[in-house]
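You will see two complexes here that share chain A, one where it goes with chain B and one where it goes with chain C.
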Partner chain A sequence: MNVAATPTLPRIEPAMLAQLLRGKASGVALVLPATAFLAVFFVWPVLQMIVLSVTQQRVEGVLIEGWTLDNYLRLFCNDLYFRVLLRTLRLAAASSVVAVLLAYPLAIAIARGGPGLARLVTITLVAPLLVNVVVRSYGWSAILNNAGALAYVLKATGLSASPPALLYTEWAVLIACVHVYLPFVVMPIATAIGRIDPSVEEAARVAGASRMMTFLRVTFPLSLPGLAVGASLAFSLTAAAYVMPQILGGNFSPLLGTLIEQQVLTLSDWPFGAAISTLLIIVVLAVNLVFIGLLSRRFSRWTGGAK
Partner chain B sequence: MTDSVISLPIRILVLLLLLVIVAPLAVPMLMAFSDTPFLTFPPQGFTLRWFERVLFGPEAQTSFLFSLQLAFLATITALLLGVPAAAALVRYEFRGRSAIIGLMLSPVIVPLIVTGVALLQMFSSLGWGDTLTQLVIGHAVVCLPYVVRSVTASFVLVNRDLEDAAAVMGAPPHKVLTKIVWPQVRPGILAGAVFSFVVSFDDYPISMWLADGRHFPIPLYLHGLLERSIDPSIAAISTLVILFALLLVVVIEKVFGISIARLAT
Partner chain C sequence: MKINISDAQIRGAHVQLEGLSKVYSGGTVGVDAIDLAVAPGEILALLGPSGCGKTTTLRMIAGLITPSAGEILIDGTSIVSLPVHRRNLGMLFQNYALFPHMSVLDNVAFGLSMRGVAKAEIAERSREALRLVQLEALADRLPKALSGGQQQRVALARAIVYRPRLLLLDEPLGALDKKLRESMQLELRQLCAQLGLTMVLVTHDQEEALTLADRIAVMRGGRIEQVGLGREVYEHPISAFVANFIGTSNLVDARIVSRDGDVTVLETDQGQSIHSTTRHGFALGDAVTVSIRPEHVTLAPSGASASGPNSLEGLVTQAVFKGQNLAIHLRVPGGADFVCTIPVAMTGSAVPAAGQIWRMTWPADRTIVVSRA
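Up next is the complex of A and B:
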């Protein structure tokens, strides 16, 4: 601790420290292990898989080498697989829309509700993220099955004598996906709303706009950047969901994730599995780029190109 | 202001939504006590035998301990790789810096199920590594972005003047690091570690490809149990998982002082 007793040090050490903390070489050295790790165990296997999807195909159990697009054609031309693709996109779109609709009241409560309500909403929303998706899907199956909690509540309140059969349908998968991915939609929207100066909303109210008008004309447009992030997250995550369709969708409504698992683990058709995986990456990247790009351009036009 | 910013109907709607969010966690917790050999709602009677069966069942214990071990190893790996990288990304200007930031965060963009199948393909074609190593590597890939994001944010906030002051006063570099930098970045590293642990502990889409019978994380074990049993023991183990998560929430928020909201942003 007695640093003052070494008078020669001050002249050398700051230079050494500067070298240690600001030198270019050491910066690269610090970042290298993680970069190499991701290059070897993330980028390389993913690229390898993309290459596999266009260089091999399996015909009647025999692997054939050589450039081919047949794996992709099979996905689009075979009615069975094409339906899975459409179902995945439909569910992802629906999950994204429903999650955004439900997210707004929650996001407004977090951003404008005062510390008590904001904290209650945040904790209730985010805490379930610490419970794995198997348990959360199981919770939905316990609610939605025809002797489950929903049926009981509907019967007990006299709302419906024969509850709707939801379990093992796309509806159950949709409900669970919205539930699991809702926090990822609410939080960016809440952040975007939190950034809006409350006096802007107050000005609209003072000028005579109703609450609804204020929301539609002021709050909502200004929250679009958050909506873009949240909606594309919900879409991407639902498109790649595996556990929820597996537990709640039954045997008749698999999504692309289930298809990858079947092709690879049950049929060991690696090239076809690789093609579906590649398609999933393309869908996710496209949705992220297009959606966020589109909305942010719209946003800057609305805000007068100031940003 | 005379009226609240949030109108009463919206408040009621929000509370209803919160109720729906909690429902799938609350219902299994109720059913776990049902004294029937099958699941029913509302639960009938009261028994603790399903908990007994789960707590003293060797399979569930093994899975739980394995998941803890896996999450611990994956988090250590992610920290060893991610903390220096995050420090360098904040502190240094070098070519390709923004590309590396993109790379570090990309494992959360590529669907996890795809990352998992790609890793399985690579590992099996190379015939390399035992199951535990493969799982730790796969989980570390997914955990790394959480560590990098959290630690980067804390390094950005470090007050450089304090470091310069300490150095000018004669503190050697390692002292500056331990006495000045460390206390400022510690919360960020801790948050990164906690989130990494949670992500690994709850992971399904990576483990489903790489696990085997002797290395079977708890989410996979639960899915298997769900498919083969109909008695309330699955509700009991779900209850334990939920209580464990609640305990984690309390520890994270109260003991570590980290807002769990950051897990979703």
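Up next is the complex of A and C:
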């Protein structure tokens, strides 16, 4: 509310004005700590990183005066870096698609099942988040390696005489990413489905829609806001993953996160590392904006008001 | 309203419920072995307080709840094992349940597109159904841009567009204001008659049941307490529960002391004698309840000579002006509370006022003997 405009209104009691100001002040006071924290520990470092990405250093590690775009040119001209970028985007997209496919049955169970079932599914989903990422990754490596648990089960059951090598491939990274990022996809979708009036689905079924058609024509379109949030979370988290690709992907399929670590810690080329990081942020942001934009155009018809 | 749904008159379904029961997993009995028949083209209201099983019964007919036992027959064929979407019924929900992401036209077209009807025919028939509910002009709007009454009309068009023969209504007008509700009631009644639809209506509003339905089934505790024509149930309730649920009644506990031909003489717990000439199935000595409708009680100033066998004096505790009527609340010595309504137009110079003693009289042929509770 604009306090400056209030004098034009008739009879504003001073007490009311004071209350209004106090309400505004307390609102600012409540938001201030978090804002200040983010400004100092997030916005400022990101700005620093962007600035760093347009500088260059000599071999000895001394920064050269002046700005340059050489780091970015190097990123796009070198085939290796471009391939890593594409691989990162592909893996992130695959992770979010697989997670969404797995998420719907779980989200429906949480939103429409009984309270007992909903709690059980939620706890099972969230449990992996309680395990440290390094421990979890080594756990997957124990399962997925050539002599691991999965290979043993496949051989023992006769399903496969020579189980596929999964460890140190993109598949291993994908499995681990989907495993841990699944709750971030399920929860928003479950919330969106929970918000759909059950009688709307019942109306569809009475009108002649099978359960499948009811899902496709009513439940799914009405859950798109949840899907938008969940899919972008899975995409962004996978694209920025570092530990899982490092442990499970090995050296044969590095992602951008691995590349950044190499530049910064191994090669000490901070400006180039900063450029890769900036590119990662920009690409993830762009993909999310386009994706959410496309989806919201689909459902703005009923979220944004009638024509 | 103009009706031009092109096909020959759609004939309503003949619905039979036989021993229909629903026992929930916790052992709670929702519906307890009810038998009920609805004739083709008839409007039947399931009336009762919340938790009486009326909605469960309706949802079992729709297929949204699986019965624990019993049969649901439509034209003699069981539909119990038929999935919801194959039952070919229309249904209206209390909250309209329109698809919020589809236009009004797409909402109406939904049932036809599920039935694989050709595109051109879908558009034509959907517009025809919208014309029927007088909402053709709003075809491109989204449901949320419509008022409650308009939304329920869209839901009605959506429910009848694929020409079901049975329409189920779950408190369909509960969310509308009184005026709109009354006009929608008449409209629904007319539509049902013109389309020849059978309707089963669930409501807790006795006025809605009386206005809309041909017959009323009063439900209580998962059972049907009484079923009959609206007027019949109103004038000859069989229990104190029915008498008090449909309209208001003055209920007095009494015991039958003698029967002489048509005349039953009863004695209230306070020792007053009441005569009734209505039919009932009770025997001498039975503990019963006497039900007298407020509009059948006439009032005379205290001291006037009793003009019939049924007469009591009471202290006026409240006189409430209700527009057409005046509701007079009286307390009879011994503690019984009475209410009687007198048309305002018929109140002369002497209007009962709080604190006065007035004499109530009512005819013996309007004194209904019902079972207690």
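In the analysis below, the second predicted complex is superposed on the first by the 258 of 307 C-alpha atoms of A that agree within 3 Å, B and C clash if a C-alpha of one lies under 4 Å from a C-alpha of the other, contacts with A are read in each partner's own complex, and residues count from 1 in each chain.
Assume contacts are C-beta pairs under 8 Å (C-beta built on N, C-alpha and C of every residue); 3 or more make two chains touch, one makes a residue touch a chain.
All figures in this text were calculated on a predicted structure; none of them were measured in a lab.
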Partner chain(s) touched by A:213 [first = chain B, second = chain C, both, neither]: second
Contacts of A:86 with chain B and chain C, given as first, second, both or neither: neither
Which of chain B and chain C A:101 touches, first, second, both or neither: neither
Chain B versus chain C as contact partner of A:197, first or second or both or neither: second
Touching partner for A:290 - first (chain B), second (chain C), both, neither: neither
Chain B versus chain C, judged by how many residues of chain A each one touches: B
Touching partner for A:73 - first (chain B), second (chain C), both, neither: neither
First, second, both or neither for A:63, with chain B first and chain C second: neither
Partner chain(s) touched by A:260 [first = chain B, second = chain C, both, neither]: first
On chain A, the residue positions that both chain B and chain C contact, one per complex: 202
Touching residues (chain side chain A, partner chain B) in the complex: 3-4, 6-7, 9-10, 13-14, 16-17, 20-24, 26-31, 33-35, 37-39, 41-46, 48-49, 52, 102, 105-106, 108-109, 112-113, 117, 120-136, 138-140, 142-143, 147-149, 151-152, 176, 179, 182-184, 186-188, 191, 198, 201-202, 211, 236, 239-240, 242-243, 246-247, 257, 260-261, 264, 270, 273-274, 277, 280-281, 284-285, 288
In the complex with chain A, residue positions of chain C that touch it: 62-64, 83-91, 93-95, 97-101, 110-111, 114-115, 140-142, 144-145, 155, 158-159, 162, 168
Contact footprint of chain C on chain A as seen in their complex: 197, 199-200, 202-210, 213, 217-218, 221-222, 299, 301-302, 306-307
Interfacial residue positions of chain B with respect to chain A in the complex: 1, 5-7, 10-11, 13-14, 17-18, 20-25, 27-28, 31, 39-42, 80-82, 84-85, 87-89, 91-94, 100, 103-104, 106-107, 109-115, 117-122, 137-138, 140-141, 144, 148, 163-164, 167-173, 175-176, 198, 201-205, 208, 218-219, 222-223, 226, 234-235, 238, 241-242, 245-246, 248-249, 253, 259-261, 263-265
